[in-house]
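To keep things simple, chains are lettered A, B, C and D as they appear, and every chain counts its residues starting from 1.
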Amino acid sequence: MTPPATASTPTRSPEAIRAEREAFYARIGQDNLAPLWEQLHNLVTKTPTSACVPAHWSYNQVRAYITEATDLITAQEAERRVLILENPGLRGKAAITTSLYAGLQCILPGEVARAHRHSQSALRLILEGDGAYTSVNGEKTIMRRGDFVTTPSWTFHDHGNDSDKPMVWLDGLDVQLVAALDASFAESSNDDQQALQRPVGDSVLRYGNGMAPVDWTPAPNKASPLFCYPYARTRESLFGMQAGGQPDPCLGYKLRYIDPLTGGAPMPTMGAYAQLLPRGMTTLPYQCSSGTVFAVLEGEVDVQVNDTRFTAVPNDVFVIPSWAAHTFSVRDDAVLFSFSDRPVQEALALYRENRSGRV
Amino acid sequence: MTPPATASTPTRSPEAIRAEREAFYARIGQDNLAPLWEQLHNLVTKTPTSACVPAHWSYNQVRAYITEATDLITAQEAERRVLILENPGLRGKAAITTSLYAGLQCILPGEVARAHRHSQSALRLILEGDGAYTSVNGEKTIMRRGDFVTTPSWTFHDHGNDSDKPMVWLDGLDVQLVAALDASFAESSNDDQQALQRPVGDSVLRYGNGMAPVDWTPAPNKASPLFCYPYARTRESLFGMQAGGQPDPCLGYKLRYIDPLTGGAPMPTMGAYAQLLPRGMTTLPYQCSSGTVFAVLEGEVDVQVNDTRFTAVPNDVFVIPSWAAHTFSVRDDAVLFSFSDRPVQEALALYRENRSGRV
Amino acid sequence: MTPPATASTPTRSPEAIRAEREAFYARIGQDNLAPLWEQLHNLVTKTPTSACVPAHWSYNQVRAYITEATDLITAQEAERRVLILENPGLRGKAAITTSLYAGLQCILPGEVARAHRHSQSALRLILEGDGAYTSVNGEKTIMRRGDFVTTPSWTFHDHGNDSDKPMVWLDGLDVQLVAALDASFAESSNDDQQALQRPVGDSVLRYGNGMAPVDWTPAPNKASPLFCYPYARTRESLFGMQAGGQPDPCLGYKLRYIDPLTGGAPMPTMGAYAQLLPRGMTTLPYQCSSGTVFAVLEGEVDVQVNDTRFTAVPNDVFVIPSWAAHTFSVRDDAVLFSFSDRPVQEALALYRENRSGRV
Amino acid sequence: MTPPATASTPTRSPEAIRAEREAFYARIGQDNLAPLWEQLHNLVTKTPTSACVPAHWSYNQVRAYITEATDLITAQEAERRVLILENPGLRGKAAITTSLYAGLQCILPGEVARAHRHSQSALRLILEGDGAYTSVNGEKTIMRRGDFVTTPSWTFHDHGNDSDKPMVWLDGLDVQLVAALDASFAESSNDDQQALQRPVGDSVLRYGNGMAPVDWTPAPNKASPLFCYPYARTRESLFGMQAGGQPDPCLGYKLRYIDPLTGGAPMPTMGAYAQLLPRGMTTLPYQCSSGTVFAVLEGEVDVQVNDTRFTAVPNDVFVIPSWAAHTFSVRDDAVLFSFSDRPVQEALALYRENRSGRV
């Protein structure tokens, strides 16, 4: 083995060295090899650098498209009639962040979104309507605005609307994460609607009152057996917490939804949160390594993300990319729902945040 | 809201319906929306369907390129002189599976690969040479062929070769997983080589003998404090286990490397394994949802993956994609090292395998 | 060393052998030694064999003594004015089972039981009155009949009665377990009543609604941050569960109180439970290795424990020893509260139960 | 209800009040009630106050008794021929601390201690001899001086001596803890010696080399699948650690034995430790809430416990009660083995220690 070229032949021109290397790269490329040193700093970056950008969807604007979509295709034909919220930096990938998918789903009165199951975990935040249902693993839950409902990995689930108005909700799924792991499995049910095995609301009775059946054992999907979190309770907690102390300067009053049998996230791949930002508050800059999708449940906030600024009102959805510094200026007491891959990053020891107020 | 078009206008042609929809998709696309129903079954697939394919790298062939690379660039200039093993189905992505990176790194006598740290976890399997070192968090470990060494997330690490021969090892990193989570952070050290705080081999003494310091507490990176697993011990276990019973029909005698303080994987994002396949054995078909990278430490095996077949000999590397059924026909007692994202999939309740012997 | 005596001298009489052994035991006893073989089968028994016996305390009868006690001593002088429920088989040990203590505590209007803290964990079940409080770690909770309240290990706690009626509750503590571990520490507060740091009911808002503050971290005492479980919620769950399926033949509808941040017991040393036994049900015999203290919240049951039989009505307390087979015959829809050391036995892999219906 | 007597009748004499109370106590005593206030401060003490005292057993002295015992009774007749080390403060209870039992067991060449199993967990530290065996769950381990061997809860175990010399070891069991929980179950085997299912040393191969079988799942008894910890490895670690830094001023170089599949104690009820105290060191005073049994493997130390002082040499056993401050003055490089209920106290959040060097 001769000494390295760069050391032994100092008189060669940079162009010659470059040409020699490129020729080498071309040759080894034929054998499925590539030089790490040409791309190390693109693969291992100093801070997150994905193409994901901040974006804001006005519910008012999207709602019109939803109506159009209900004219264009039935829930039955669509299986799931959803408008995907595609991140402008990630077009064509059905992604709102690098790891997550979001969409707005609508079911008209009398429609059914038939039963299926898949590796992907899904969450719902109800934006409009009252009285449609989601059934999960033999139990139906009736959904009202603001309710947070999960359909964990590999659970049969179907939706239906027995009310007399359209029902719209925000869907969040871990589609891109599951794709990155190449671990997607799916199955249709033989039945449009699954048979019910327990009464409506049973999971709240069994797991939502600070108790659990004495024989309860964890499910293989590591998901919370409590799969509906009524907004009435969330709201009571958020507004009640104000009497207990000052808001966090970056986050206001922020709660995370928990699996009451573990204290962890309701599903292992996605965390969900609700926060109250009191009127008049302007939060300090905050950064975290989990790109986060927000939906406004109450109030009005001006959102500043790096150089992007927009005003969000109820039912609007917006996304903050990983490590993007952002602040909220609160025009009216605001309740924000949000979800992200934070539990994944925490499980893998990758999660970081910056609450110093300095970017 | 009018009834859905497909129901109300049965006489319209499929082409007209399609055109109307395409016009709608174009319009909503301008507002960063897309119809889920056109791609639901590509996003949520019945089984894993990535572009990752089986591939095999002959060490004999790659070794010549490594020598060439040492002539082309110094370790100092390269920071890490590594030939990436790129999956033929994922070219341009520096990926061997959808979530993982692999490469072959070489350090010549007297060279140093300078200290840095990053969110990405890395593992090393020593293929050639004896006596180079990896330093992690103030402790140096001397590497010998077959040793398995980790450099966990956000630990400063550097490599050097004080021996008189080149040293080559297989690198495995979670680069693509960290990219999917958009959570890459990195930092250079001010020093090429980090200052040592403990003697060589200290982690094996402290954590590798069935004991641990009475005051030990977990590190934030959730990694094993034991970061070197000598091949001598692995080999003793693999060959000794033969007296304890028959091999698994799919896996032979297979062990996983553990963090002795948790029983989990040495690092939270990657599992590592060693298996002994006795001469003459032909394994039954096996599928798992974690694409897996193998390196041959001893022996010789014919590998059949779906319709691909190759023979692997010592130091060869090959990759089996997620859910690809594969069998081994063992020409000579073989020891295979392997690594995958299995601990991630297990933590997220996504891992599946099929050992039925039926595909 | 000569061969063993029993083998070598077959002709010696049993009395001689016995005398020789007794002499040996006396000699070694002087050096703090004793022969295991004389007591092995008393130390390691085939099934639990403690002196703990079934017992029943009629609230009606005890209530009169409580009134007398309030005439005899002030809460201030007593520090805690409690009548200990002593197991008849364990008199003089202040024990209701081998590991647990129980008592009935009374506070009159205007009285205060001053702040202290100790290693021992305590639980309260409110039997009579409405409006007294317990303060724990700077937070006051108002107690109503049936509420379950905890004062975890090493938390300052005080009680007071701002209502206009006496307040009586059942206390349960792990006194004997802590004594067995020789790990008792205690401290008085400088203040009779601790300063409050959060509003009344704050813990239910923060931890009782399926959510938790995003920054919550576990306390060193491993106790639930939710320390009040209102009976209204418990009752809703118990009666609601009836629509979801048949009662367990041994247990009826039985829930355990949980720490919603771990799914474990509210405190690590004691589990607490509530069960609904529908009118007319006669349960199958049940045995478990945790001696259990019961209090009747509603209804009326005939309890059969081995050869003991009694009828329990609201506010009565009774105890079932470890492994004692027992059945309930339910005269009127009954709600039973209970507590035991089951979480300890589960943590130590000692817990057993027999639900076969056969003793 | 009249106002409390002490307030309303200030003129009554203390003797009258006392008499009235005693009469009350006598009356309620008949109904299995007792006044807490008369004994609160004995039940809930400021620091541990059991009757357990420091004690020291000279192996030289005890060894003579062991020889006598082998003359008095066969291993077969005794089932286990053990001299119990009874704490002088706890005579008649077969206890060395409030929660633990210790004894010295001897098996002569050719003898067998027949197979049985029980809820109680047991540990062994080999003091004398080489080549006897313990079989646990179908696997035999050959024991040498200094080896630490476990027989976890509810595992069949038997011992035998195929060597040509007597074998003596220290037994440690959680007898008193299990009694406090009233959770003792036991069963004899039909066979004196259990059938072997795996080769000698298999558990070290499978679990002791930083690896574990890929299909391993936890046992219900929560015990380490590694059940033999050879002294050669322990010694290598202890002496090797000296190069890595200064000894802890209270503890020297101290390691705990771990379950490599959890990082916890080898058995859930007892922790085991080994520490090296370098020649010439005098440790600072140390207190912990777990009474601890020590055995000397090497060297010689003067032990000061409160006002008690003794010198311990190889194979001597001594006990330090809960919270007793103690120091070691090391005459010659000493290796101490120890065991205690610390894992129990840690699981229950009761464990405390004081390393301040101040008592």
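Note that contacts are C-beta pairs under 8 Å (C-beta built on N, C-alpha and C of every residue); 3 or more make two chains touch, one makes a residue touch a chain.
Just so it is clear, the model here is predicted, and its values are computed rather than measured.
The fewest steps needed to get from subunit B to subunit D, moving only between touching chains, is 1.
To find the repeat of C-D among A-B, A-C or B-D, check which pair has over half of the same contact pairs by residue number; it is A-B. Between the Cα centres of subunit A and subunit D there is a gap of 51 Å. Separation between the centroids of subunit A and subunit B, computed from CA atoms only, is 27 Å.
Centre-to-centre separation between subunit A and subunit C, using Cα means, comes to 44 Å.
Residues of subunit B found to touch two or more other chains are absent.
Pairwise chain contacts present here: A-B, A-C, B-D, C-D [touch as defined].
Within the complex formed with subunit B, the subunit A residues making contact are 1-7, 20-21, 24, 27-28, 31-37, 39-40, 43-50, 52, 55, 57, 61-62, 65, 67-74, 77-88, 91, 94, 97-99, 101, 103, 108, 118-120, 153, 166, 175-187, 220-223, 268-269, 289-291, 321-323, 341, 344-345, 347-352. Residues 198-199, 201-202, 205-206, 208-215, 226, 229, 233-234, 236-237, 240-241, 243-245, 248, 251, 254-263, 273-275 of subunit B touch subunit D in their complex.
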